[in-house]
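Same chain, two partners: chain A is paired with chain B first, then with chain C.
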Partner chain A sequence: MRSLASRIPWTLIVFLIALWVPFFGSRYETFIATQILIYALFAMSLNLLLGVTGLVSFGHVAYFGIGSYVCGILMKTLGVPFFIAFPAAGLGAGLFALVFGYFCVRLTKIYFAMLTLAFSQIVWAICFKWNDVTGGDQGLPDVPFPDIGWMSSLPGFGHFRIGEEFYFLVLILVMLCVAVLHRLERSPFGRVLTTIRENPERAAFIGVNVRAYELAAFTAAGVFAGFSGALFGIFNRGVFADYVFWSKSADVMIMTILGGMNHFWGPAIGAAVLTILNQQITSYTEYWPFVLGTILVLLLFVFPGGIMGALDAGWSRLRYGRGDA
Partner chain B sequence: MLEVTALRKTFAGFIAVSDVSFTVETQQIAAVIGPNGAGKSTLFNLITGHLPPDSGSVVLDGNDITGVLPHKICGLGLGRSFQRTNIFPRLSVFENVQAAYLVHRGRGRDFWSRAETFYRDETAALLASIGLAGREKTTAGTLSYGNQKQLELGLALASDPALLLLDEPTAGMSATETHDTIRLIEKIASERALTLLFTEHDMEVVFQISQKIAVLHQGRLIADGTPQEVRADPEVRRVYLGEH
Partner chain C sequence: MTASSLFGQFMGGLTAAMFLFLIASGLSLIFGVLRVLNFAHGSFYMLGAYMAWQVVRWVTATMPGHFWLAALGAALGVAILGGVIERLLFRYLYGREELYQLLFTYALVLILGDAAKYTWGTEQLSVSRPSILNGSFEVFGTIVPDYNLFIIVIGPLIALGVWTMLTRTGLGRMVRAAALDREMLDALGANVGWLYTGMFMLSAALAGLAGALVTPIQGIVPGMDVEIIVQAFIVVVIGGLGSFWGTFWGSMLYGQVLSFGILIFPGFSLFSVFALMAVILILRPWGLFGRPIR
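Presenting the complex of A and B:
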């Protein structure tokens, strides 16, 4: 059954379903869906490290932040159009990931994690203090929307405002990135990354240059985090130093683990569930962190594989009878 | 095939391997024996690049591989298995061996094709030759201990080594499993014309299949020769075979 499930073009199906959100949903729901898409890409980029390569990065937000600053600075300060600023954001984030990663992959386990965190705090400090370029603690407000006004001339799109048009743009770009990530994880390169996750010592002795592959994965993850950051800055109508603060690295890690890091779509599910829960629960109570903590504790003890892990287990139980999940 | 010269390694003053020299000829089956703590695993780790030696050299087929990184040594035709079983536990049996093929044949940088389409036949044939046919889809970590050892041998063989180093290939096995494993190793070594260097605690096995035996004691090489020579060596009898 799994082989059948893996033959279904999920990326296309998700795209085709998500396409209808602005037609049937409210403006607010489209807004939430945009945020989910952006976070889903961010979480999936992290999972290339966490779930695929087995690298725990506490500093993944750095590349998200760099992406949003590069795109924000290019579009707002320099007036560069989006179709150049967006690739540049991925490129810039990837470049930083390559340089920082070069040092990080020389360490392992907790030392690796600490160094990623240290680099991300350096990036944060620079963004927070370099007033002339990043706007310092004021950030860069009023990053313009891309030129997508032409969308309203499409048949059936006439009644959409810029927020909904931006949703379509985000959907297309995120889904393209997801398709590339999917391809990458199923490739020989992706397989080699899983051998590093499983057993780096053994991987070296089937001939894997572990550091080089880790650096490649780190850089690729940085590029996709940069893309999601670029979209996030435009979505939030500005780029602020908060985007690079380390607690956001924890948020994206929670999404990934909540959704299930052993499954390609897990991080996206985690991003959706967490974003929706956050919106719902903050309207009832101000104790969102408390609720989040409780959810996490339950999850880690009851469904250590995350939501997708639990679904997988439930599915095999249905199919193969009790027990052998 | 393998030439180890005056290899030395100390850990914080403790001499683990002390000026060890020996050679293994092409297609020879050679064993390193010695009591626990004699330095056998350290010696293996020095040869395979997992530890840098303090001094001395390791030459593989004319290439100086002293202090070269493990993944490069692996590419030069040296395969190894580990004392503690060392596989990719959450990948399937098939994926384990296939990954080794992907890497060895230089496919690892391909990030666009679908991994599962490569080297299917080679992987299936290799799994059959190590006695794991029909277990392709099993998650490697759920295999029995003996099967995991077989799979580990498969990982080493996928990189087409000329020299295979096996660190206690039958550690923790029952008598029957030991017997089967040794038969398997002998068969594969002769089929593939491999040179074999292994450590082993079971003396019966060692004397039965080796053409050459090196004896380590407290980091020093105290004997090196044919099984007959080693068996007759008075120092070996004294320190190792338990005679006074």
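Presenting the complex of A and C:
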């Protein structure tokens, strides 16, 4: 089953299906789909650390936020076009991840989590107070959309507004990033990361420079988080210090766990489920955190493998007639 | 910069430090014994504040000693809540990966935060300070309210109390043994399960008490839980995870850095405390007073 499933080009299939959302879905559904794509990329970037390398980063939101601010400042304050601002956001987030990560990977377990949290709060404090550059607690409202008006001249695209055109742009960029992440996890580099997750000491014994690999993973995860942050700032029509607050790190972690961190697509599924659930539930109660907390408790006690883990277990029970896969 | 304003800054830092110590000591105790970093500790603090307000509502603010009753009620109420949570859910997470423990306590933050919002609404509530401590006095040209002095005194008193309990009593010996080797203590016939529950309740009670004591100084608002917990984490990390006196000196350092940080970089005092935490984690991950754990 694994070998067959892994031969299917899922990235391409998801892309081809998602392409039709603006054609058949409402404007609102396209909006939600855009949000899902952005969060999916964010959660998948975190999973490079959490699921693949086994590093519990409690400050991943820092790189999302840095990407957001870099892209927002470049596009709004300096008027730089999107095709420069977007790579710059990834680069900026990656640079910070490289510097912060250099210190973080020297620690393990709870200390690693705490230092990542400390760095993310440093970034938050700076974003929150540095009025001249980040807009402080007012943030940077009205980040412009990229120049994608030309899309409406494509055949069949004429009736789309900027929101839908932006969806296509997000879809292409996110899917490119996902394809790269997929390559990365399946590459020898990704295998070494998994070895480190399973047993860092053994990995060190067979000659792997554990810290260097962890730092590389940390930086790569930062770059992709930066990309997703850049898209999020444009999507939300502004960049605000809230994006960098530590509780966001927990939220993206919940997405990852909900979908299942042992599966490549798990975080994306978690992002989709959580985003849709959030939209549905917040429409009739303000107590979304309560619902989220309850889901999380259930998840931790009943389905620690998340949705994909539960599906996998169900599938092997069907196939082999037993529970443990 | 005169000597008197420096002294005022110092006293402000000291008061903040002792508040933080009340909160962080419980966090540190739990980490030291149960090896769990409890995000929900901030929620216990917030619930303590709300419960104190509730008790004052019930007994009416005109009753003499209402404040002390409220503080006691808050500590007890939160301790019971903590005990229930530990018995029903938390105990199943010992020995699981940190990720699951952190996320479970975060789930508690979400649930308790909304429960408080549901029960007490989102408007700011406040409790007046006890009438005995209404006055203030002047030292070196700085006006220090009696209430702040009370906090400055009660912090070390509680520290001393817990420290005596940990080092001078049989119960404390068991607690320290549980921190070193839970299985061995279990095998020796001690009831480790209830010991853990007791420690969890004690830690929750300290948080609840801190929440009650903060009400005369700060308004009770939703969100005070997530705000305080990061500060408490910083203190515990600076002092050394699980080190009791480390937490004490960690909060002293934190209070002063916060207080004087405002003078050095106005507006960036938050930055200075996070930077302090990062520097300490980089140079001495086990904190100023902690021991490296391998």
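Just so it is clear, the second predicted complex is superposed on the first by the 324 of 325 C-alpha atoms of A that agree within 3 Å, B and C clash if a C-alpha of one lies under 4 Å from a C-alpha of the other, contacts with A are read in each partner's own complex, and residues count from 1 in each chain.
In the analysis below, a contact is a pair of C-beta atoms (placed from the backbone, for glycine too) under 8 Å apart; a residue touches a chain by one contact, two chains touch by 3 or more.
Remember, it's a predicted structure, so these values are computed and weren't measured experimentally.
Of the two partner chains placed by the overlay, only chain B lies in contact with A:208; chain C stays clear of it. Once the two complexes are overlaid on the shared chain, A:287 sits against chain C while remaining clear of chain B.
Applying the stated contact rule after C-alpha superposition, one finds that A:296 touches chain C and leaves chain B untouched. Of the two partner chains, chain C is the only one touched by A:110; chain B is not. Of the two partners chain B and chain C, it is C that touches the larger number of chain A residues. In the superposition on chain A, A:152 makes contact with neither chain B nor chain C. Looking at the shared chain after the overlay, A:316 reaches neither chain B nor chain C.
Under the contact criterion defined above, no residue of chain A touches both chain B in one complex and chain C in the other.
Residues 183-184, 186-192, 194-195, 198-199, 201-210, 213 of chain A touch chain B in their complex. Note for the complex: chain A touches chain C at residues 50, 56, 58, 103, 106-107, 109-111, 113-115, 117-119, 121-122, 125-126, 128-129, 246-247, 250, 253-254, 257, 287, 289-290, 292-294, 296-297, 300-301, 304.
Of all residues in chain B, those touching chain A in their complex are 48, 50, 69-71, 74-75, 79-80, 82, 86-91, 95, 98-100, 102-104, 107-116, 118, 155-156, 158-159.
The part of chain C that touches chain A in the complex is made up of residues 37, 89, 92-93, 97-100, 102-104, 106-111, 113-115, 117-118, 226, 230, 233-234, 237, 241, 267-268, 270-271, 274-275, 277-278, 281-282, 285-286.
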